[in-house]
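Here come two complexes built around chain A, the first alongside chain B, the second alongside chain C.
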Partner chain A sequence: MNLKLIAEQMLNGIVLGSMYALVASGLTLIWGTMKMLNFAHGELYMMGGYVLYFSLILLGLHPFWGILIAMIIAFVFGLLMEKMILRPLLDKPGWHVSPIVATLGISIFLQNFALKAWGERFKSVPYFIEGTMDLFGFRVAYQRVLILVVAAIVMVGFWLYVKRSRFGIALRATAQDRDAATLLGINSHRVYLLTFGISSALAALAATMLAPIFLVNPWMGIPPQLKAFIVVVLGGLGSFGGAILGGFLLGCIESLATVFLSSEWKDVAAFAVLIAFLIFKPSGFFGTKEW
Partner chain B sequence: MLKIKNIDVFHGDAQALWDVSLAVEKKEIVTMLGANGAGKSTTLRAISGLLKLNKGSISLAGVRLDKIEPYQIILHGLSHVPEGRRLFPSMTVMENLMVGAYVSSAWKSRSSAVNEMTEIFPILKERRNQLAGTLSGGEQQMCAIARAMVSQPKVLLLDEPSLGLAPVIVERIFEVIQRINRRGVTILLVEQNAHIALQIAHRGYVIETGHVVREGPAFQLLQDQYIKQAYLGL
Partner chain C sequence: MAIILLILPVFIQDPYIMNIVILSLLFAVLACSWNVICGYTGIFTLSHQAFFGIGAYVSALSSMRLGLSPWLGLLIGGASACLTGFVIGLPCLRLRLGPYIAITTLAFSEIARIVCMNLVGLTRGEMGLWGIPGFTDISPWGGHVISFSGGDRTAYYYVILVIFFASLGLIGWMLRSFIGLAFRAVRDEQDAALSLGIDTTWFKLLAFITSSFFAGVAGSFYAHYILILTPTSVFSIELMIEVIAVTLIGGLGTFWGPVIGAFSLTVLLEYLREFGEYRFMIYGAMLVATIMFMPSGLSSKLFPEKE
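Entry: the complex of A and B
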């Protein structure tokens, strides 16, 4: 067991964790504002992967445009999903579980749609940037460095947006007290709609960044979806800071499990930590309602 | 200015208001008195569109408020300080006031509007970066009133501003309400504390189990034998 290997794995864990954080922040955003769980989040992620694949391989676009198109399509898809399927269910009194079940249905539909339309073959996407660089004495692929940089920029940008912008203030107000926000002129339906769109775009972004590493396939959304749920529980449901911290933590736990046990055990370690949190600290690091 | 005509409102299957009518004229302070559960808050929530009418109409300066979306009502110059303040607890005092400036007309001039409010309530300036959930009850009430005033409404609805506050604080809050009224803001004040409400109001309505049972100028209500017994404890 050498230290260099551990440190290298930790770095990998941080890179992967940054993407968990991105996926989880979309989930936690929806929970924080709408008090709803989205089981189709992973499939929005999967769609992002396919859009990137088609943009790069079929259309021959630059990855930048592929990522942008994937995010835009996911954003629009999120809006449609909220408006056409979830909105009618959310407004029905006494139907609290139905929107969640509906997202489960959407998830199953999209997986099978992808399977039928695009086949079961895993599709590979080339690295956006080839080569490796030297980082503190470690050799790190540029792709992984890029992932970290993108994650940092997006998370800081999103944080500032939610804290400072007019829409961000409306979003937090709606999350904390919907009626009071309505009295002050905030259209909560519009907030919900955009929340869903933004959350979907974040999932698609994470998918495009990880697609070169994990390959594009109809089931690619399932692991990040499950991991995002763990992250959200670790961080505290609805907490943005918690999603970030939880994401990095989970990435590191998995990496350490890979080093000390073996890579088959990494999911066991991740879920063991989840169960431990559910027993000893069910509210997560930051509790609920951080918006 | 604000006219409520013959409204019926239900909470689910239970009827909460029966044929309630009331009017508030420009620059008046009108109070609505009644016991817990009489229908005072229900009336205010109906005016703000949070509850739908089964019958009747509500209009502000000729605009039918019951025909527009609840979030558009503030654009017509009506602002509502809800029961229990309903501040955004994990936002700072300053951020709460910023939400008050959300409507596009107020957003551009938000800093001056917010400054104006902190002049009326100097304590809010001191507490500007404190989370609203950590304020004392009186400070929360001031913050809630300030938040509703940032959009510079013509009509202010106040739901039990005295609730749970010490008498000294209640007096300060009511002084502020009078000051706001002197600046030309029309006020509809819902209160359980009939004493203090009738001291500052021009007119009043008494509501019992969803019916308006008395109405008239405040001085007349203060002399009314029934009101003296039931609401003033005399």
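Entry: the complex of A and C
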């Protein structure tokens, strides 16, 4: 059990953690504004992966365009989902359960659609940048550094956007009090619509960045979604900053568990931490009092 | 309807159809048990597959490793699931919001699934636990032996029928009693219930314990019927989603809803085999359509409420 091994794993964990944070931020955004859990989030992630695959392999595009197209298509898909399925459920009774059921149904539909349309074989996507570099004495693949850089840019950019822009203010207002926001002239439906779209785009981005490492397949969204659930609870449902912190924390927990236990048990460790948080600190790091 | 169920095997000899009916009854029990905690007590859990799986594996392993009778396994499976229900229920007691409970119970289920998968020495993990003994022959009327081996499913049918009637009977009795009232109080207006002196904590735990028990019994029957288990077949989220679909489509919070849903969906799923790989896509679409257009389920259409 040498220190170098642990440090290497931790670095890996931080890279993965940044992606968990990305996926989780979309989830926490939806929860914060709409007070619902999106169980189809993993499938939106999956679609991002497939669109990237088709863009790169079938259309031969440069990864930059592939990622952009994946994000746009996921964005549109998120819009459609919100408009067609979730909006009708919004004001009906049972809102604490109905979106979970609806998104579960969508999730099954999409997983099996992908299975039927594109087969069960795992599809590989080439690394965007080949080669490795030396980072503080460790050999790190450029791809992983790229992941961290993209994650940092997106998260900082998004945080600024939510803090400063008009839409960001509208978003936070609707999240705090939908009726009050509506009274002030904010179209809450539009806010929800765009929130869903943005959340889906973020998930797709994470998928595209991880696709070269983890391969594209119909079920690729299931683990990230579960991990995103853990992250949003750790960070506090509804808190963007919490999702980021929680994402990195989970990445580190996973890598430490891999070193000290084994990779088979790392998920159990993650879930155990989740349950511990729920018992002792259900509001997470920055969450609200409601739990 | 009970009479129809009792004399059914006289008319149907085809093992394929018998299998469908047996599975329908099994799902009915499982869905009814989830209905207790979700439909009646209002706690949306995603852990019923864990109870089912634990009931199945504990019963299977106790008959394979400890040489206990599968009949006893039914009770042991139920009891171990019951214990699990207690453990899972404890952290959920203080959580008020649906999503938190959903995530917690899902986490427990995933832990159960991964533990089962990893302890290969005990459960053989993904390689599958086969060679589970079926129900041992019984001779209740001295001299006449009821055998469970061979291709004849009739004996199994009557076993699950008994389990079905017993489970529904017990659950129905419980729901009609004060306990049922307390459950519904917790579901509809927890604070009001508290102010009236109802110990919501105790009743929530009771909901967990009872619903998990019946799920465990169902799992145990499944183990000794199918005779092979894998972690993915009994602990997966897919199973939970099937339970949700069955209960929802039949009618969440109604007594016969889960039964109607179980039969409808099991038959439908078999019929959909013709569509091959589109099966689950249709399934998912149905789930969405139901929650959007018919959230109170089939039973409200078949038995319109007097209110």
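Operating definition for what follows: the second predicted complex is superposed on the first by the 284 of 291 C-alpha atoms of A that agree within 3 Å, B and C clash if a C-alpha of one lies under 4 Å from a C-alpha of the other, contacts with A are read in each partner's own complex, and residues count from 1 in each chain.
Quick note on the criterion: a residue touches a chain if its C-beta (ideal position, glycine included) is under 8 Å from a C-beta of that chain, and two chains touch if they have at least 3 such contacts.
Since this is a predicted model, take the numbers as computed values, not measurements.
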Problem - Clash or fit, chain B versus chain C on superposed chain A - result: fit
Problem - Touching partner for A:233 - first (chain B), second (chain C), both, neither - result: second
Exercise for the section: For A:183, decide between first (touching chain B), second (touching chain C), both and neither. Expected result: first
Practice task
Check whether A:169 is in contact with chain B, with chain C, with both or with neither, and answer first, second, both or neither.
Solution key: first
Practice task
On the superposed three-chain arrangement, identify whether chain B or chain C touches more chain A residues.
Solution key: C
Problem - First, second, both or neither for A:100, with chain B first and chain C second - result: second
Handout entry: Shortest CA-CA distance between chain B and chain C [superposed frame, angstrom]
Key = 15
Handout entry: Residues on chain A lying within both footprints (that of chain B and that of chain C)
Key = 290-291
Practice task
Would you tell me which residues of chain C are touching chain A in their complex?
Solution key: 44, 91, 94-100, 102-104, 106-108, 110-111, 114-115, 117-118, 238, 241, 244-245, 248, 277-281, 283-288, 291-292, 295
Exercise for the section: Could you pull out which chain A residues touch chain B in their complex? Expected result: 166, 169-170, 172-173, 176-177, 179-188, 289-291
Handout entry: Residues of chain A that touch chain C when the two form their complex
Key = 31, 36-37, 85, 88-89, 92, 94, 96-98, 100-102, 104-113, 115-116, 226, 229-230, 233, 237, 264-265, 267-268, 271-272, 274-275, 278-279, 282, 290-291
Fill in the blank from the handout: Within their complex, chain B touches chain A through residues 48-50, 69-75, 79-80, 82, 86-91, 95, 98-100, 102-103, 107, 147-148, 151
